[in-house]
Amino acid sequence: MVEICGIKFKNPIIIASGPGGNGKELSKHIDLNELGGFTAKTVTPYEKEGNPPPRIVNVKSGILNSIGLQNPGIDKFILNDLPFLETLDTNIILSIGGDTKEDYLSLIEKLNNSNAVFFELNLSCPNVGKNGIPLGIDEKSIFDLVKEVKKISKKPIFVKFGVETFLENLISAAVNGGADGITLINSPKGMKIDINKKIPILKRGFGGFSGPSIKPIALATIFIIRRKFKDLPIIGMGGVFDYKDAIEFIMAGANLVGIGSGVMSDPEIPIKIINDLNDYLKNEKYENILSCAVEGYYV
Amino acid sequence: MVEICGIKFKNPIIIASGPGGNGKELSKHIDLNELGGFTAKTVTPYEKEGNPPPRIVNVKSGILNSIGLQNPGIDKFILNDLPFLETLDTNIILSIGGDTKEDYLSLIEKLNNSNAVFFELNLSCPNVGKNGIPLGIDEKSIFDLVKEVKKISKKPIFVKFGVETFLENLISAAVNGGADGITLINSPKGMKIDINKKIPILKRGFGGFSGPSIKPIALATIFIIRRKFKDLPIIGMGGVFDYKDAIEFIMAGANLVGIGSGVMSDPEIPIKIINDLNDYLKNEKYENILSCAVEGYYV
Amino acid sequence: MNAIVKEIETTDNYILLTIETEEILNIEPGQFVMLKPKYFDFPKPFSVIYQEDKIIKFLIAIVGEMTAELKKLKINDELDIRGAYGIPFIKKIDKNKKYILLGGDCGSAPLIHFSNKYPDLIKEKIYGFVTPEIQKILNIEGLHIDSIEGMNLLEKAEKLEISEDTAILICGSLNLIKHTKNKFKNKKLYASLEARMGCGIGICKGCPIKTNDGIKMICKDGPIFDLSEVQLEW
Amino acid sequence: MNAIVKEIETTDNYILLTIETEEILNIEPGQFVMLKPKYFDFPKPFSVIYQEDKIIKFLIAIVGEMTAELKKLKINDELDIRGAYGIPFIKKIDKNKKYILLGGDCGSAPLIHFSNKYPDLIKEKIYGFVTPEIQKILNIEGLHIDSIEGMNLLEKAEKLEISEDTAILICGSLNLIKHTKNKFKNKKLYASLEARMGCGIGICKGCPIKTNDGIKMICKDGPIFDLSEVQLEW
């Protein structure tokens, strides 16, 4: 029903990287084959045990997480997780994260022959980058990285960003490097303090903030970027909990809509959204809801 | 009870610029003299009629506003609003906004002899700046502006920022220019789409996002900045609705706590917070709740 | 202020809500309150159809998120309420005239309140609803049901005869207001306007209307305006 | 899944909540559910003290935001519930032993459920609470009230006599667990662990515990663990 970068998606709803794990557990609760796509949790060159608990903090209409990219590392991922994902009748997106350009290149090499449809470069890992500047907020690093990655990748490359001041410059760098699409938004930083103990609840002080609270920020970000990049494929996400949210994201400019925290709140949310969206689309053509920003309303 | 830049505040609770107006209306509902301080709505060199309606959109645990800095302009402000503010037995902070350095300088000149305690430079006006880059996200402009302003200002200068990627560099520029303190955070951009009409609800597409939803972002921002700038006076704000929120802000690093949307939700919120905070502080010393970031917990 | 639900009657699209407030809020016809379920962070404006002592009644159309939540209220559920805000109709209107009340849908609420309190000022009551659904919860004189009358409120308004000592007081859609203003150019017309509101008390500058005297706030300077003093388009 | 409140008894700090679910959720002792009031966006984990057909009972300590909201529930209020999650106690424990149940505060909930379903496996029940307040809503055998017994749960635990065929099953504060583990180094000890949870089903990696076999998730691989296989400190 949706086609981007030559790949057909049965519907525009995909699982975002992270909150949905690598599929096996979630598949006990919903039929993953109904999804438009499934993004695996970011995998890194070596195993990461993740951050010490607590890792989840509830805040108003949202959660803070400090998972710390816990993952088995690429080799165990290929051994234990990828085979299951490859059996699914849905589009798999592989999210990869590293500290250096070489990390990304070696990850791509190892995953190039999988049946995944896209790679997603997660440039928002807290510990990634040079001179303390994360790859994801440095135009030159982004350009270099994407250019090298494109040379060897057999699949379209998506780059995932958070909300940044000069985001359109960063995205231009990615696009100039050859990026096929972008993913917006990764979780902004959020914090909660235990006022009785007088310390931040998360040991690192702050964590990633997701859920319905960030939806207006995600929409504004996507809308603004869509105005500048009329044809760039965008995977939009941030607080999508029902089909109306999904429609808002599509109208703001997203081609695909990712569900992150929603699937944590209730694993059945993605399926509910797909069904409700189907009903909605029986009256509306998909093209009709594409999109506020592109159509130029109030731009 | 709190002293910053040599000015005594009876309590750390102040009204943030904007949502509380210029005092006259609010004074019909609460006794402004009980406040630690009152920041007037940003005043500009000339009258601004503001943006067309709708100007307020409700979102989950927050609101989007598109007021567009409606204000009477400096001359009418001095004639009609300032005299009332000057009768109050609370500290007045005057927020000023403009398009150029000269705007700010002329505003300061006109307000220099008021009995306000601080000036707050609002560098987040959407239409401010040169080459499309707002003053508030350009280190050099910030430095130049603050330096010039400091030359003529008879009062300490606070600079108000939003959440930016390289915020600490921007704040360094302000501090190097001579800023006496900073105000964090101005509202991030947020958006809501009317999916029936297929248009953004706000005519400009997006607006300023405030209220409880943004609290975790405000806290993380203040916490991170406080770690870098141990002694810089910080006015913190963003979704403060009760005294526990206020304590979180103080612990994160704020010297004063601003109430913005809270006073819109319920004009009595600031007074409730002051009373509850008083009760809380009877058991705790103010110094004891200063502050997570500075004390170095988990830093 | 705390209030609790005393009674709630609903149809598919409407709520007749009766609450009891902690203390008495005196509400003049035309004034509104800011109302919210406890778990909302920001309140929204609603006119009052009836108030006596601590009892307040609302007539609410279910149009979006908060009103959908209000529909789910059960007896003894708690609400937050503050007010009354806005200028009472009686303080702005010309008291030497008799009024035709033109209510569009739940815009009828403050007009019903007004007609009950000032019956002598009323010439005619027209509370327009599209379908008879409303009759299940609202049984009063003056109901105009489009599907029964065979004409909608705009058509009904067109047919009004207005003598010298008559004025119209409208509360309803912008379309209704504009249409009526257009039709009765030289007559005395008042309208109670609506806007998305933040504070309800004039501090946030969230509910502007252009008037001959500059920009005013609907919450503080209205909601009622003489239609000759406002520009309905921005 | 929808559930409605059938009964709610509260004290200052505790809730005994009875709900009825839309459909039957079969819950084995030791399993938990993810629960939330309708207007929350994310649920939180709660053990079950009793379940039969569509009726489920919880014993909840009021410690923060959501539990404070749960206290305000009234009969017929709606909740969202999903589950049951986690491994039933009976699937992990050694069934050849008799169990001393050591519950700290509302950690007693799953132990009470367990003792009712598997009375033959129980040697002793100790459900520790600091003050007699809990007796207002919970009247069962095994209550240990610190202020009545003149000693707290840690002291009580210290005094336990453990024979070869006896094991301890603990659910309570980390302090209680550590203390008991320390005291009975060579005994068979199980504990049902707690963590702030996101999903409750093992997908988000939000509730980690270090074990001899790497990092496990408390929601999926627990909440019960043999204390010899986990490291309680990170």
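Things to note:
Letters A, B, C and D mark the chains as written, and numbering starts fresh at 1 in each.
One rule holds in what follows: contacts are C-beta pairs under 8 Å (C-beta built on N, C-alpha and C of every residue); 3 or more make two chains touch, one makes a residue touch a chain.
In this text the structure is predicted, and so the values were computed from the model without any measurement.
Path length between subunit A and subunit C in the chain contact graph, taken as the least number of steps between touching chains: 2. In terms of their C-alpha centroids, the spacing between subunit B and subunit D amounts to 46 Å. Note on chain placement: the centre of subunit A and the centre of subunit B lie 33 Å apart, centres being C-alpha means. Centre to centre, using the average C-alpha position, subunit B and subunit C are separated by 35 Å.
Residues of subunit A in contact with at least two other chains: 60-62, 212.
Residue positions of subunit D with contacts to 2 or more other chains are 41. Chain contact topology: the protein chains form a single closed ring, every chain touching exactly two others. Under the contact rule stated at the top, the pairs of chains that touch are A-B, A-D, B-C, C-D. Against subunit D, the residues of subunit C that register as touching in their complex are 37, 39, 69, 74, 76-77. Taken together, the subunit D residues at the contact with subunit A in this complex read 41-44, 65-66, 80, 82, 195-199, 201-209, 215, 220, 234.
Contacts from subunit B toward subunit C in the complex involve residues 18-21, 25-26, 28-29, 41, 49-50, 52-58, 61-63, 65, 67, 70, 211-212, 241, 261, 263-267.
Every residue of subunit A that touches subunit B in the complex is listed here, in rising order: 59-62, 64, 137, 163-166, 188-193, 195, 198-200, 202-206, 209, 212-217, 219-221, 223-224, 239, 244, 247-248, 251-252, 288-289, 292-293, 295, 297-299.
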